[in-house]
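Take a look at this one; I'll ask things after.
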Amino acid sequence: MRVDGRGVTELREVTFETNYVKHPEGSVLISMGDTKVICNATVEDRVPPFLRGQGKGWITAEYAMLPRATEQRNIRESSKGKVAGRTMEIQRLIGRALRTVLDLEKIGERTVWIDCDVIQADGGTRTASITGAFVALALAMEKSIKAGKIKEWPIKDYLAAVSVGVDSEKGALLDLCYLEDAAAEVDMNVVMTGNHQFVELQGTGEEATFSREQLNILLDLAELGIDALVAKQKEVLGPIAEKMNQGLKGE
Amino acid sequence: MRVDGRGVTELREVTFETNYVKHPEGSVLISMGDTKVICNATVEDRVPPFLRGQGKGWITAEYAMLPRATEQRNIRESSKGKVAGRTMEIQRLIGRALRTVLDLEKIGERTVWIDCDVIQADGGTRTASITGAFVALALAMEKSIKAGKIKEWPIKDYLAAVSVGVDSEKGALLDLCYLEDAAAEVDMNVVMTGNHQFVELQGTGEEATFSREQLNILLDLAELGIDALVAKQKEVLGPIAEKMNQGLKGE
Amino acid sequence: MRVDGRGVTELREVTFETNYVKHPEGSVLISMGDTKVICNATVEDRVPPFLRGQGKGWITAEYAMLPRATEQRNIRESSKGKVAGRTMEIQRLIGRALRTVLDLEKIGERTVWIDCDVIQADGGTRTASITGAFVALALAMEKSIKAGKIKEWPIKDYLAAVSVGVDSEKGALLDLCYLEDAAAEVDMNVVMTGNHQFVELQGTGEEATFSREQLNILLDLAELGIDALVAKQKEVLGPIAEKMNQGLKGE
Amino acid sequence: MRVDGRGVTELREVTFETNYVKHPEGSVLISMGDTKVICNATVEDRVPPFLRGQGKGWITAEYAMLPRATEQRNIRESSKGKVAGRTMEIQRLIGRALRTVLDLEKIGERTVWIDCDVIQADGGTRTASITGAFVALALAMEKSIKAGKIKEWPIKDYLAAVSVGVDSEKGALLDLCYLEDAAAEVDMNVVMTGNHQFVELQGTGEEATFSREQLNILLDLAELGIDALVAKQKEVLGPIAEKMNQGLKGE
Amino acid sequence: MRVDGRGVTELREVTFETNYVKHPEGSVLISMGDTKVICNATVEDRVPPFLRGQGKGWITAEYAMLPRATEQRNIRESSKGKVAGRTMEIQRLIGRALRTVLDLEKIGERTVWIDCDVIQADGGTRTASITGAFVALALAMEKSIKAGKIKEWPIKDYLAAVSVGVDSEKGALLDLCYLEDAAAEVDMNVVMTGNHQFVELQGTGEEATFSREQLNILLDLAELGIDALVAKQKEVLGPIAEKMNQGLKGE
Amino acid sequence: MRVDGRGVTELREVTFETNYVKHPEGSVLISMGDTKVICNATVEDRVPPFLRGQGKGWITAEYAMLPRATEQRNIRESSKGKVAGRTMEIQRLIGRALRTVLDLEKIGERTVWIDCDVIQADGGTRTASITGAFVALALAMEKSIKAGKIKEWPIKDYLAAVSVGVDSEKGALLDLCYLEDAAAEVDMNVVMTGNHQFVELQGTGEEATFSREQLNILLDLAELGIDALVAKQKEVLGPIAEKMNQGLKGE
């Protein structure tokens, strides 16, 4: 029995509140249990200097936590005057993951900015950010198509992320909350497409190491979680999901 | 007729969603029309070095906007590596205003951190921050009293803030939205106690100047707005308001 | 009787030493009692990017204190690597105030930089900076007209600033020196045109709050001070004042 | 046939030049083909504040490249005034990996600083850094034992790292050089103990994604590489390796 | 004939205005021709951490230019967020030079801060800073002795600095103004005691190099300049100079 | 007898390992005793903005120490977020010195970047950097001539640097190692051409001052050292030295 009563293969409750903020082209508040992240997608009609004149676009991400998203208040990175290593790692991961499923040629010379702002944290903020950002990206692409800026549906597949880990007593667990994450011996984040292909795999032995066998059990669990998250994404995207599915089938 | 259909002496719709985030001692999402600010109050059991050993506390504030709180995406201050002058001005104002109504001796050697994070902006973010932060502070003080950390109710009076301004055609206006604010000739922010005492008064002729007569009209409008905001604060604080009222009456 | 023997409605001795430094287009050392500020105006033949090609100019200000302008030595902001919030507030105020009386279209695509460097501080440095900067600006405009760069006199009115405040024993005071400022319950800075129009009004209850009645008394005092400062500015500007007066009368 | 003539399961030539620099407690120049990294280990007799008084130590790492380690000159991070996200990711990885095999209680209240400075880069700098840093750490621990500062051998197992990747034509490859890395569809870094346990696993689909089957092939390759690297480490450590082996067997 | 009519061995007019600013323990405005520098000396009753508990003091210097000290306005270093290399070089030079003539044991655990702020620049600002700072230091030491903080006169000798240089047409020149400095082939700054001992010697071939013979001519010129400057320092220090002379003679 | 057994006029053993790193146009590892510096020269086909379109080039230098080049580990300047004053002084010196012997017109619109990275420090790192950088520059120029980028040999003379100093017991010393440098009363760095012309001369009385006679003795010593270093440079440059000699003779 887990700390919050879930079974070891069970996700926390996941919800997506779309159009959460009014200005962005795509906006979602994702909740995975008590982890809540505002994911906003901005479409800007220009690209960074290194891409100018090549007819293709770019997608990049930024991630931050409100100071009191956590149990202890964190000092703002703007006050410190620099972005922490952890933050950079996470925002590079989010950007890289979304870049894998977005056809940059189809969006033309545009930049998509993904902003993931954690307003409440209870473990798994980076995976929730990716799963929520995918929905914000899809909404923004739909809006850009309606506005005639983008001609063809540019997203190649669904994308979701989930954490898995090993607890010394309970064994392999899916979707760790903060207490589980802090106690875990092994911590792994898995980013996959709707088609069960790996996009990113990051596993770390926190104090212990892990064997090839343990890795396989963790990856089986992660696939279960990804399936459930992608099903939720399809549900919340509704008619947009239809369009994406047709794109996936080559229709 | 104003851009959003209001009368010149009318506030936008104001709501307070308390306990919006779970970790902080006090947490409120204030909405004034489309301006939405998360106001979190953190109580920390220590004071900055310049106050150590004096038996009294401190209150300070930080303010930020999410990048896409605005129509155009703003670059994060953490990415720029420094806090903008406008941000500093606003957070100094919020801290100073709350300091006026909080009895720092009654909270002992503790620091209250107020974090105001604008998730959607439509004018008046600094005044909404003060009005919302007051409620977050009251919730945090109530919690500290229940926890036995603070013995006596430390808040001396209600506190709210509102903007007023002069439009070249419509004259004096209460609670300007973004479009009105951008067009205003004179822009004034008024912070008052529940008792109609000024805490802070900041008036600026943007392109025009203003006369003593116009000042008086603006201040009359501001008092109307403050009354309505304080009434809302009392409503949302419920039993805590009772306690504060008794404190104000010296009971 | 005030700490330095003045009456409550009396300014400290004010002097303007023009052409204090040789390189700037306009240069003034203003002394208000023991507060001494070097105010330099630089005219640069280009505008910031956001104004290019619009045929109009810009005015901006920077403010700093020498480390030993104060009783205790202050650490340089260049050593700290960032500009303090207080400094930003003051330089934004100076720039905003001067912008109100300068016709930016008449100066063409030029930027006026105002540098206010406090070499000795005894209270009221921001108001002395504005009052002195106005004279430096007028000198620089005169020089630009003589050089044929600017065709028409671009300054719309006189501009001066003064502090007023409330002392718990002596009541309302005009032009506070440092000791008075440190003890004041209410501190207010008023920026006005020669024509008694408000340009900026900033009042703060430091520990106490203030009533509408007190506000009115403070504003009456401020008007007295502004009148005396503008009279001094006219005197020091001499023939330039003549020209400005004609402009004000529409001649 | 690979770009440098190697077979797909072949490492580049690996050498360790110990005591490369005279001041550090442990110093190694590792070469993996044309990738050359100076790995220095410093033992400092104190711990960071968060660990004081707990009787245990800490290990942390820093990573940098000389500006001309690469084909194009890179701007120094000290000139830019901030450390890049990529650098932070790498140094966090190195520190985390070494922390897994070092018994922090056995080193007492000491900090081990690992400095990895790449003087010439040809792909795989982060994995070479870990493999070389392990040897520098072992040398520094041996010196600390000889100096009587540390009583018991504190390293729990061998540690090495290697890159593997997928090329669209040649398939899975071990130990990618720069040209291979730039062309790879999938890039994976594997950190393992001498005992075939995972310490860290980071796989990224650069433009493509990868399947579970591909993952398994890559991990088989990585195990081959780790075995060869650990064999080299034993050789270069000589008598120290003896001691470590006894520790591993519990003798 | 030089650009300003001087002979090649002639200094510009030198004046020292003592007690220029009221707060510092020692304050001087030095003018060397059109170069004007405010030199303030602050005595602080503590030393930097590396000197605590050793019973001796420290002296350090900071140097800055007002933005419009020069013909073209310079951007403030506080706005840029970092101190330029040139500034650092100069302030390190000033501190080092004064450290040579101040007996740090005699001032006890105190820090003397020297602030040199150039309000108008016309070449030779670093040498004027040293020559003026010496006088500010002497005034501050006199004040500390009168206040009973320092028991014995701590200054070991007079100290002054002057620039010399080589012009391709006019040959060796003493005390270069800005125009001469910009045209010079060789630029040298010489810091000497009243006793003709070198404290610091910095010669640079700007585009040309210089021979041992040229060096000797330049040093002869520098000695002439130093003699004249020290004579002026004695004059302005008056009775303090008496005291210093007795110290120098061992009386 | 000196601390390392040398005579007072003797240099430490000097070696140059050319082509030390493979990517740079010129690369040298210079060792002067235990001081070891990697000197890399990069030729970039563009100039800084202030030189564009003038048909001539630029040379600039950067200097750094690895954290453990010294007995105590130094904090990286990239971690501190700013470059120390000492570093700036040294890199400005290196750039200025090389600029004197390089004909910037002959290299066309190109920038030469000199990177001096100290991997092991034992005194004299700045002089070793200059002496080694000269060789790296010569190698890079040779390569640029072979590549047809530069038409004519652009280096005007040999360039080397050496430290001299005064020890209170042993008197004047050539080429001080760290222990000698730390104990020296006077410290002087001399940069000269192969032709005995001064390029830069920096002498500092650390605690003592120095007389004109001592200066002359130190300069005689420095000339001896420069001669020996230039002889070594000729030897290591081999056929390139031939070419340079012909250039010097005007052949």
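Annotations for the structure displayed:
Per-chain residue numbering starts at 1, and chain names A, B, C, D, E and F are given in the order in which the chains are listed.
The rule is short, and it goes like this: a residue touches a chain if its C-beta (ideal position, glycine included) is under 8 Å from a C-beta of that chain, and two chains touch if they have at least 3 such contacts.
Which chain is which protein? Per UniProt: A, B, C, D, E, F = Ribonuclease PH.
Remember, predicted model here, so these are calculated numbers, not experimental data.
Superposition on CA atoms relates subunit C (Ribonuclease PH) and subunit F (Ribonuclease PH) by a rotation of 120 degrees, given as a multiple of 5.
When chain centres are defined as mean Cα coordinates, B lies farthest from subunit F (Ribonuclease PH). Separation between the centroids of subunit E (Ribonuclease PH) and subunit F (Ribonuclease PH), computed from CA atoms only, is 29 Å. One simple way to say how far apart two chains are is to compare their mean CA positions; for subunit B (Ribonuclease PH) and subunit F (Ribonuclease PH) this gives 61 Å.
The distance from the centre of subunit A (Ribonuclease PH) to the centre of subunit C (Ribonuclease PH), each centre being the mean of the chain's C-alpha atoms, comes to 52 Å. Under the contact definition stated at the top, the residues of subunit C (Ribonuclease PH) that touch 2 or more other chains are 81-83. Shown here, the protein chains touch around one cycle, each chain meeting exactly two partners. Traversing the ring of chains that begins at subunit A (Ribonuclease PH) and proceeds first to subunit B (Ribonuclease PH), the chains occur in the order A, B, C, E, F, D.
Considering their complex, residues 82-83, 85-86, 88-89, 91-92, 96, 100, 188, 193, 195-205, 207-212, 215, 219 of subunit A (Ribonuclease PH) touch subunit D (Ribonuclease PH). Contacts from subunit D (Ribonuclease PH) toward subunit F (Ribonuclease PH) in the complex involve residues 21-24, 27, 34, 36, 38, 40, 42, 44, 62, 64, 66-71, 73, 76-83, 87, 113, 115, 117, 119-120.
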